[in-house]
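In the part that follows, the structures are each spelled out as structure tokens.
Note that subunit A is present in both complexes that follow, paired respectively with subunit B and with subunit C.
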Partner chain A sequence: MSDPTTLTTDHAVQVASATPPAPRRPRRLSDRGLAVAFISPALLLLLGMSVFPLLWALYLSFTDYSATRGGQAHFIWFENYTAILTSAQVHLRALTTLIYVVGAVTLQTVLGFAIAYLISRRTHGRGLLTTLFLVPMMLSPVVVGLFWRFMFDAQFGVINSMLGSLGLGQVEWLTQQRTALMSLIVVDTWQWTPFIMLIALAGLTAVPKYLYEAASIDRASEWFRFRTITLPLVWPLLLIAVLFRAIEAFRLFDLVYILTSGGPGVSTETLSFHVYKVAFLGFNTGTASAYGILMVLVVMVLTQLYLRYLNKLKED
Partner chain B sequence: MAVSVDEAASTDPVRDHTPPARRLRGRGRGRSVLEVALLTVLAVVMLFPVLWMIETSIKENRDVYAVPAKFFDFKVTMGHFKDVFVAPGGGRSALSVAFLNSVVVAGVSTALATVLGVPAAWAYSRFAVKAKKDQLFFILSTRFMPPVVVVIPIFLMYRQVGLIDTKLGLILIYAAFNVPFTIWMMKGFVDEVPAEYEDAAMLDGYTRLQAFRRFTLPLLLPGIAATAVFALIFSWNEFVFAIFLTSSDSVRTAPPAIAGLIGGTTVDWGLVAAASVVFALPVLVFAYLVRKHLVAGVTLGAVRR
Partner chain C sequence: MRYPKPVGRLSVPGGKVQLATAAILVATTVAACGGGDTQASAPKAPATIPELTKDPLTLSFIWFDWPPAHALEAFANAEYAKERPNVTIKVNTVPNANWHDAMFTQFAAHRTDFDIPILDSQHIGEAVTNGNILDITDFVKKNIDVKAYNPYLLAAYGQFPQAETGKRDENASMYGLPLLGDTWTMIYRKDLIGDKPPQTWDQMISVAEKCQADHPGVSGLAFHQANGSDAAAVTYNTVNGIYGGNLWDSKTRKIDGVLNDTAGHEAMDVLVNKMKPLTAKGSGNWFIDEVNAAVAQGKACIAFNWIAASGGLLDPKQSTLGTTREQILDKLGFATLPSQKTNLVPLGGMGMHVSAYSSKANQAEALNFMKWFEQADIQKKWAAAGGVPARTDALQSPEFLNAGPFNQVYADSVPRMRDMWNVPEYARLVDIENTNVNAALNGAKKPKDALDDIAKEQQSVLDSGSRKGGGGL
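Presenting the complex of A and B:
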């Protein structure tokens, strides 16, 4: 989209340097100056608030520094990393996170796409329906977490109350090993299904109408149309949404903090939550930094994947 | 960087895949009814928690804790909303201070991100910057860092320079998290404004900076407004940095303050609900205002239509 309108100035500079047309040269130089002046403040802020902290964390991850104990940080090289990678505790959290990410993102994708598909088939009230469905996504995780915590409450939660009136037994949603992680997945799904829905809907409405018309002239079955037209055309966009959600779910912290605080036991402790515990409750800053750096590596891999698909989508 | 998925608009109600006349015949009609029913059920499930939150916020305490839950016949009270703003002994409550802090922090950080991000987006869109793609990807990837990880060195850094438990500290980190978003989102908007306008203005004797300020910038204003609204929502809703970097009541923003309401042994759920409603309402209003740009907004400007 941008390519035809972008000015390729640096290419032009090379050509111009042979025989510089006198009046144009200073303007081109000021273009470069302008670009630097406009971009560098933003980049400086990012360097100061994102890159520098990460580099510091990288340094700390090779030491035994503790934020409470203070004192000198001693270099212990890869000890923190080996300790984390071989720790059974960490493996358990990685498994919890994996279950959570895969469970939540799968549910969201299926539900979100289904809703988008149903909405896209409506002729009337589509705008209103979309707006209504989008509400959960705009809420703060704090609000969402608090409210589901109230609804999940074993004593006066509305969910148990409804179960009770259906003649079913009471469930201690957030305080039982088996249901706590499930509840977390349910809440995340509730909040982020609209996200997938929104993007799937964007994809679905972009499918050219004539394709369906051509298919129905050929008397193609509905399923055939869905499989050969809808899905292939929406899939690239959907994949972006899924990857985006996967990254977000992997980083998730606030919902766990509010809903379960990792409990009961450690059954809902995700990697993010564990890092927090090591860093702020255990005050093993060095270990926590190494832990964090490893998480950043995972996020970087996922981000690369995301950006690659994004690029592919852009090129098509 | 903008992704264009043809020309469609999802909120446009006239567009549909199958002409209704064809669909409504025979078997199609039964299916259509089924689909509407399914959509209705899904909408009710999705909206129930929100409705329940609103309902709880206006219930008398006795009805809030009623077992079985009371759906309709409850006593209405505005007491919880009063408690959000007024302290029990009169005067301003801690929550209302927190709301005010949220307004300041979200507002200033958004302004900062806009001031830094918009010119950068324009420069990335108009000029051939060295390794432009890599720079843009680097910028976006800083936004994807897990906050819990970033907060550890930020915490140490702030402790060194005395920014712990200050609004300025929060403003800076929120601005840093919103700048990547602003750049990506705004670059899409700038790309949509033809560079020829500026070229033409420059032929008329304006400098490039003047051309930007007098011709491009006015055209970008709606985009800037939408982008700023999203940045505002992100900062308003943010919780992780707020809870780790601030502690005192006079600095704390609303999310940690509301979360703090459930700290004790008994929880005043009516108050929690009222505070949540007050907190969420502006977000919903703002989100409604920028609904046209939601897809781009929630994907950090990466996907556009």
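Presenting the complex of A and C:
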């Protein structure tokens, strides 16, 4: 009696030996060579579109180059940096940007978390509500700016119309120093609160239910549960959302351009808007490059400090 | 069985990667540096128009988005095609606020998607100094009847260095020809203040004040106050001229002490303390469209706007003042600006120029178009199509004077015009003035401080030639 296993094995050997060997890969296309070939396009794109412009801007920041005047770029070393750091004009824009970032991000965080907390407590219609709240975030900032400009119009705007029907006076939302920056914060908050809400909602959903159940058994109050379970677990995620929003708000340009053009006067000119003016009104490319590099440095340093705090929080 | 080797760092030697990266960076740097043409003077156009192509060709303009831009495209395609059927005219438009940037960023790249940039007169200095547009002096001498124009109009839209107000230097180089003349018109409500327009600026303010008091809901005045483009700056410059002030001393390049002299301060005081209180609440960011909207909705007794942008006021579809053009004209009057210490009015409008970076065939076509456009009969047709011509014969023709109720205003205003600074630093000068005047109009700065700041900052821009670093701040 023959061993079926052996037969099968023999058959398999026969089939295997009948199959022609795989063509040998050319020596040059090793696994690593193939890997290089695959990543090269992305690497080249990254070098050409990100790394080179950054290095080029860094080089220009040490020169007096102007894109329209042409001619040789003369090295002036740190003169552009010194001029920017000592300029009262820049200090003014930095203060405006700081007020804007702190105001907008704080408002968005409080509102975003509050909305997320309320939505997380619902069992029905949570998906629909979340989708509806996300709509502003999906709109183009230019579109948002334009329709808010109409809404803020002192003469024909819907906001003043509503105030009027309540017996309140007209407010010059975009043309008064006190209200113009506040209006920008309101519009940015309207558009980007959903982003914070989304991240906070993800955090809230991830909180294990058994913690709440245990707290309920211990007859813990709602506030106690929020303070000792919800907030500590969502806080790190919320801080990451705050980081993203702060970086975005720091480089605000579009809303300022559409809503106030930096006015009245220069009272809503942010750093990004000022860089734009330096770069394109007088085409002072060297100064604008230094200005941009300094902005990147500020963001990088602050982000590093912030991330260290986040890591410390995680370790604790 | 063959297992993939653990992939850590690629086996490609690190030195080679670094070398390749460095080579790419150096190559890109060299390419970027090599693109810059160090020549910074305008190249010359030929005196005679070169042979034109018979192949299909698109002649592109760039302008900002407003009614004259659309009128030009329709007019040129209808009329120029009769002479050059293979040519299509395309007028590319951008928002007003991006107009300067859209043109000069392309100039900076030394490659333009337009053949004829339509420049504000004040942009000429920047474009000439950077070598962005052709020197057409020889072409003008050979092909254009310069005597057919008011000398200042011809100079304002083409000459560099800038001509003295009201004059033309026949020895100066020419870089453009007039495309569209313009100035401010005073628009007044005949049904509210009477048929006769105020003759002096002070009288105009009194009339507006009374009109506002007599007609609740209607503001006495409407004018440009925005801090974008040249809106608030033109408003102040107009009042400055009327009250006898000067923007600068062009010979000594002095602004500080000239702009903010007694006349300058008086003008700022009139603008902020007498005129601004007569405007609608929240009008601190109004420009052309907003002023037109206020007039069309019957919300202003007296308004000031550019003539070339006033055509829509007579459109019953856009107005609440009447259901026909005649009904609207029963209520709206158009007049030259009132005078006070002088009778100066702002020079508006634009000239056409030839991009130094267009192909030879397109440059030749552009020169041919300019020659065609400046003919007497074509200028009259342009007037009839809604344009504002620059030739004196066209300005005095019935085709122009009957085309709109404000055209007589333009014809009467031509000898009264004054321009701003036509220097390479224009964009920065106007931004300084715009933001400061806008700040004064909206209460963010005291009028005196605003004017002194303008003078000081503008002077610093003019004097910054030898400064190292921080240019543009």
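Simple rule for what comes next: the second predicted complex is superposed on the first by the 270 of 316 C-alpha atoms of A that agree within 3 Å, B and C clash if a C-alpha of one lies under 4 Å from a C-alpha of the other, contacts with A are read in each partner's own complex, and residues count from 1 in each chain.
Methods note: contacts are C-beta pairs under 8 Å (C-beta built on N, C-alpha and C of every residue); 3 or more make two chains touch, one makes a residue touch a chain.
Bear in mind that the values here come from a model prediction, so they are computed numbers and not experimental data.
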Partner with the higher number of touched subunit A residues, subunit C or subunit B: B
Which superposed partner A:103 touches (first subunit B, second subunit C, both, neither): neither
Partner chain(s) touched by A:194 [first = subunit B, second = subunit C, both, neither]: first
Touching partner for A:112 - first (subunit B), second (subunit C), both, neither: neither
Subunit B versus subunit C as contact partner of A:289, first or second or both or neither: first
Touching partner for A:280 - first (subunit B), second (subunit C), both, neither: both
Touched partner set for A:262, first subunit B, second subunit C, both or neither: second
Touching partner for A:208 - first (subunit B), second (subunit C), both, neither: first
Interface residues of subunit A shared between complexes with subunit B and subunit C: 30-32, 35, 48, 51-52, 56, 67, 155, 257, 279-280, 288
Touching residues (chain side subunit B, partner subunit A) in the complex: 1-18, 20, 22-23, 35-36, 38-39, 42-43, 46-47, 49-50, 52-53, 56, 64-69, 116-117, 119-120, 122-130, 135, 137, 139-142, 144-150, 152-157, 172-173, 175-176, 179-180, 183, 187, 191-192, 194-196, 202, 207-209, 233, 236-237, 239-240, 243-244, 255-256, 258-259, 261-262, 267, 269, 272-273, 276, 279-280, 283-284, 287-288, 291, 294-295, 298-299, 302-303, 305
Subunit A residues within the subunit B interface of the complex: 1-2, 5-11, 27, 30-32, 34-35, 38-39, 41-43, 45-46, 48-54, 56-57, 60, 67, 111, 115, 118-127, 129-151, 155-156, 158, 161-162, 164-165, 190, 193-195, 198-199, 201-209, 212, 216, 237, 240-241, 244, 247, 250-251, 253-254, 257-258, 272-273, 275-276, 279-280, 285, 288-289, 292-293, 295-296, 299-300, 302-303, 307, 310, 313-314
Of subunit C, residues touching subunit A in the complex: 4-5, 7, 10-12, 21, 24-25, 28-29, 32, 36-40, 97, 100-101, 104-105, 107-108, 126, 129-132, 226-228, 280-285, 294, 299, 425, 427-428, 431, 435-436, 438-445, 461, 468-473
Touching residues on subunit A, where the partner in the complex is subunit C: 30-33, 35-36, 44, 47-48, 51-52, 55-56, 59, 64, 66-72, 76, 78-84, 87, 89-90, 153-155, 160, 170, 172-177, 257, 260-267, 277-284, 286-288
